[in-house]
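Got a structure here, written out as structure tokens. Questions coming.
A, B, C and D are the chain letters, set down in written order, and residue numbers restart from 1 in every chain.
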Amino acid sequence: MWNPTNKKLDLELVGFALIALLILVVLPLSVDAFRLNLVGKYLTYAFVAVGLVLCWGYTGILSLGQGVFFGLGGYCMAMFLKLEASSVANTKIQSTPGIPDFMDWNQLTELPFFWVPFKSLPFALFAVIAVPAIAAFILSFAMFKRRVGGVYFAIITQAVAAVLTILIIGRQGYTGGINGITDLRTLLGWDIRTDGAKYILYFVCCVLLLGSMFLARFVLSSKLGRLLVAIRDKEDRVRFSGYSVGDFKIFIFCLASAIAAVGGAMFSLQVGFMSPSFVGIVPSIEMVIFCAVGGRHSLVGAVIGTLIVNWAKTSFSETFPELWLFAMGGLFIAVVLAFPRGLAGLFTDQILPLIKRVGMRTGALPKPAPAE
Amino acid sequence: MSNSTDFLLALEGVTVSFDGFKAVNDLNLYIDKGELRVIIGPNGAGKTTVLDLICGRTRVSGGSIKFKDQEITGLKEHEIVRRGIGRKFQTPSIYEDLTVFENLELSIPRGRNVVGALFWQRSEEVVERVHQIAKMIFLFDFLSRSAETLSHGQKQWLEIGMLLIQDPELLMLDEPVAGMSVSERAKTAELLNEIIKHRSVIVIEHDMKFVESIAHRVTVLHQGKILAEGDMDTIQHDPKVKEVYLGH
Amino acid sequence: MSFDQKRPTGPSLSRRQLLAGTAALSAAALVSPHALAQAFPTAKVNTTGLAVTDTEVTVGILHSVTGTMAISETGSVQAEKLAISQINEAGGVLGRKIKFIQEDGGSDWPTFAEKAKKLLVQDKCASVMGCWTSASRKAVLPVFEQYNGMLYYPTFYEGLEQSKNVIYTGQEATQQIIAGLDWVTKEKGAKTFYLLGSDYIWPRTSNKIARKHIENHLKTKVVGEEYFPLGHTQFNSVINKIKLTKPDVIYAIIVGGSNVAFYKQLKAAGIDLSQQTLLTISVTEDEIDGIGGENIAGAFACMKYFQSLKNPNNEKFVAAFHKMWGDKTVIGDVTQAAYLGPWLWKLTVEKAGSFDIDKIAAASPGVEFTGAPEGYVKIHENHHLWSKTRVGRARTDGQYDLIYETANLVEPDPFPKGYQ
Amino acid sequence: MFMGYSLGELGSIFAMQAFAGLILFSVFVLMALGLAIIFGQMGVINMAHGEFMILGAYMTYMTSHIFQTYIPGAYPVYFFVAMAVAFIVSGAAGLATEWLLIRHLYARPLDTLLATWGLSLIMQQAFRSIFGAREVGVELPQWMMGALPVTDVIEVQINGLFVMGLTLIITGAVALLLYRSRWGLQVRAVVANRTMSGAAGIDTRRVDRLTFGLGCGIAGIAGSAFTMIGSTGPTAGQLYIVDTFLVVVFGGAQSLLGTIFSAFTISQSQSTLEFFLTGSMAKVLTLLLVIGLLMLRPQGLFVLKVRR
């Protein structure tokens, strides 16, 4: 009764249902396989946006390096797929058959040790989550235990993104360098490049995204979710209520990173390659804008925002490539200046009251049930 | 004196300096169980710094702080809180984006780790406890309100309530009536008198009338040192205190 | 190899029709395009549903117009558009005007893949001229192979690749490196080399080939090898190392903005390129525009084309280019290679008598283009071009003086044995 | 790698390497100074800082053209005029940005980060539309190029000396402004306590605007100077930003001295590492080192210890 959070969450559930309807039913029925694959790619960015809602929207931790975790997840998946594509039969012409082509070009004669476990799918799937989560843990543990926050943290995540990009590009014998890991073909013998496979992967991606959203929703609606808001609001007060603030920040940052990593893995599967251009600073900041446009406080908003911005990017850059950067920059500024709560905020602040007024008048809309 | 174990809190030889400036200098302060101590002093006397030192927000440069005869210097803030020390800030520090209920609920000293918070259940007992405190701080009718809509005085009460729900053995209040209306002040004094029945309290306050209405024992700080200590009457007639407050 | 032997025995064209077509072709200047198009009915020349009508054929142009690569790719777009308009003026391809759809890769590799897919799947482009960086080519390659498209790729690159669906109109690494090193050793008596590069696959692979050639064939010495992150702007430390090791030749493969910083700092450090031999394979006339001619004058570049080449083809090409894009635009090696793309495609289509990708792929080897600004080029079995290697010396006005060119066309060898 | 060199040669090499480090140091200070002033004053990182620098570089390019065309006789000194133009134009752009954008966001430093990033995208595209996608070559007066021989081996680069001198002058000027002028007093007052300064009659908004303008103006001068050593293109600003941000953040918000020491630490470690390792690894190690040190000093190198 005195808890408006629950009302909001009910609305959120409606939003979840609408998104599910959109991505599981409407889009597959209305667009062709090519466009649907594009949507699938956008949805992988939505994972990052969902993670950003957790750590930026709710907890106030702005990371300008989420591409790092998206990339790590993507690379873990791509490593497995690449090894499968590099069977001895497929790589007969190489001087060392059975290793990925780029290793052969770089005179590697055997698989580097850290690649070996990626021959196993269970390990690769585990690594998709674990590697980014561990990386996020190390970074956030070091930073949050020392209470590095705000702008400092944002810049450091940027530096981390720069470091990882340089490393991946520079160690090309182990990573595929600037070209990335390309030409991924099959998953346990199943050809992932066919239209049929892309359909299936699209739905897998949707289901995982919805799963991540529900997981995020569960976290946010728990007491921990309210604590995150409290940390964003008055970090010191939380500390003086006996909580170890660092632990919570670390937890949410790792969770956000792990979710981003799932997106990265789905990206590798759907797009068929992974490259350092998703790890760097620019893509990382772009992912923040997806989230900001949709609404940093809203899971539904973040997903919708990602879809809209990417759709706009694709169609805009098809028709007015020169104008795209103006549009993107303007969008950044407009959202930050005028709609800090994004589209979701616009909806709850402007449109919803309107609907309610109309609803009240006609009596069509039942009042939300009391929470307790 | 320092060997005694009767004190709830004992500061001995505590010093802290900021870039050479000694904000607190060789301070000794002892708080008994069940005592209400008021600390007064002119601006810059080091009052808030003393509270910061006790609750771990600022690290001491030298000296020792013992709580229940155990050293607490060097502990993390949340660990000190868990030992039983609560702290209210000068400007009301509450979670403006949450409701009053949620503000209080988050302050309940359970489910304080990540897993505990994730699987926290809002049981009958929790609701009851929140209601009980809310009544005490005059905010029962406001439980579902967002905290940012409260008046300044109500925010101060809410923060006190958030401390009470922790049930600390030592409660430290930094200017609890600042910015309150006269009637709110009276209510706050009433509230404090209720609170101190069960615990020790340190209050920093400027408002002498308010101090008179609650004080048991008063410590006067000046330039990081104790200038005088005693009951209200003695202090008010101490010539050194008069000089510090009125002398210039 | 003979034309007829190579032609697949599909149901498309009878020998008689083909001969008729060839006759028509040679008379293209006399016969109206319409009549030519009738000689090659659409149903016959397009059996796989490409965007070919009786009057038009659609091709794609896929380069970055935005983002960091836009600087480099602009020239290629201009050259491709020029070639297309010239082909159209000359009657088109099999009597059909070329219509192009341009897509922006946005300097972003998945965008390239996405746009490549759009050009092939939605627009049914009969061929695509495009890509610049290796990363973008690697990203689109599976798309071209999966949807059976044809890509004309203009940039000199590291090699180690060969595809039925790509024609590489630039040099692979050995074509650019080996003759240049031979020349500098012979002419300058170079004994020691300092290898520099931006840190990614092309400079690393190229330097590797260079090192093998230097150590194993020339029996001289590499005294240093260094890589810098893309966009690096501080080269004073490495310049000190160069001063320390005093190499006979600085072999530099630095790209992008780093290039500008490197040559400016080299000059500022008092390394005079009229005294110190510097050989680069990454600085075309385009790059000099940004570096400033006075900063790089005296350096040697190993390319297959320079704007200053003196031959009738090139003079016509440069004039046409300047007429279309302004007098100030410079033309670099890659721009010229991009210009070859549409022409080679046209010649191949007319040789195959069909737009079908499989037939083009099969007909490509042996296609000759005598009108190439660089002189004469021919497509090799491995879909790369036979072309000459040339060494030029940078002048202060941003142009190169041709110093040396190989006597014969150099065979492309994307998987060079002994150099990997 | 030191085999076969005499002690004398080694000495010269180290001298030259030290000089290289000093140039890098000057470059970092010049890049970071404008940003540091803004960060210190408002706690805001201006993500478009690199673009303001490039704006200065383009101004230099245009000035050089005007001199070449109209007053070729004065060409050797055009650079000084160019720096003034760069300062004024970038500074004016900074003032406009503050007025249109930044002042609405003072309470939200992280949002300022995003808004200025948006601005940087717009500026990049504007450069591209106006000056073309290709890099432009800025020709320098002849006297600025080349090196002065000190000994047989040691040579001192003239433009390096120029950058060092410029850095010294600008840093000195900023220090004077901050610690000797009325504006500086106001800035320091606002940094120390914004509310109180406002109450004391300081027009904090005006101070903010001037600070932002000044910071951007200095960025313009830096960009102008960088035409000597780096590239001028629409996206060239991006090449500098990570380094610049790290210098500033590592230096801490409060003091100019912090920025200078941080620039010194980063430049020396980078140039030393570059000498012993390859360029890429040196960069990675330097960045990691800075991240590590920031962990030890979360608010930067030089932080005033105050009651929070």
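Basically, a contact is a pair of C-beta atoms (placed from the backbone, for glycine too) under 8 Å apart; a residue touches a chain by one contact, two chains touch by 3 or more.
Keep in mind that what you see is a predicted model, and the values were worked out from it rather than measured.
Traced through touching neighbours, the fewest hops from chain A to chain B number 1.
For chain D, the chain with the farthest CA centroid is B. Computed from the mean C-alpha positions, the centre of chain A lies at a distance of 34 Å from the centre of chain D.
Between chain B and chain D the centroid-to-centroid distance comes to 46 Å (mean Cα coordinates, whole Å). The geometric centre of chain C is 38 Å away from that of chain D, both derived from CA atoms. One simple way to say how far apart two chains are is to compare their mean CA positions; for chain A and chain C this gives 37 Å.
The residues of chain B that reach two or more other chains are 57, listed in rising order.
Shown for chain A are the residues that touch two or more other chains, namely 166, 169-170, 322, 324-325.
Counting partner chains per residue, chain D has residues 125, 128, 280, 283 touching two or more of them. Residue ranges of chain A in contact with chain B, taken from their complex: 1-5, 219, 222-224, 226-227, 229-230, 232-234, 236-245, 247-248, 251. Across the complex, chain D is touched by residues 66-68, 70-71, 74, 199, 226-229, 231-234, 236-241, 243-244, 256-261, 264-265, 267-270, 286, 288-295 of chain C. By the touch rule above, chain D contacts chain C in their complex via residues 1, 5, 9, 13, 16-17, 19-20, 23-24, 27, 125, 128, 133-139, 145-147, 149, 153, 155, 157-160, 228-236, 238-240, 270-271, 274-275, 278-280, 282-283. Chain A contributes residues 60, 62, 64, 142-143, 146-148, 150-152, 154-156, 158-160, 162-163, 166-167, 169-170, 281, 285, 288-289, 292, 322-326, 328-333, 335-337, 340 to its touches with chain D in the complex.
Of all residues in chain A, only 34, 37-38, 41, 93, 95, 101-102, 104-107, 166, 169-170, 172, 177-180, 182-183, 193, 271-273, 275, 277-278, 314, 317-318, 321-322, 324-325 touch chain C in the complex they form.
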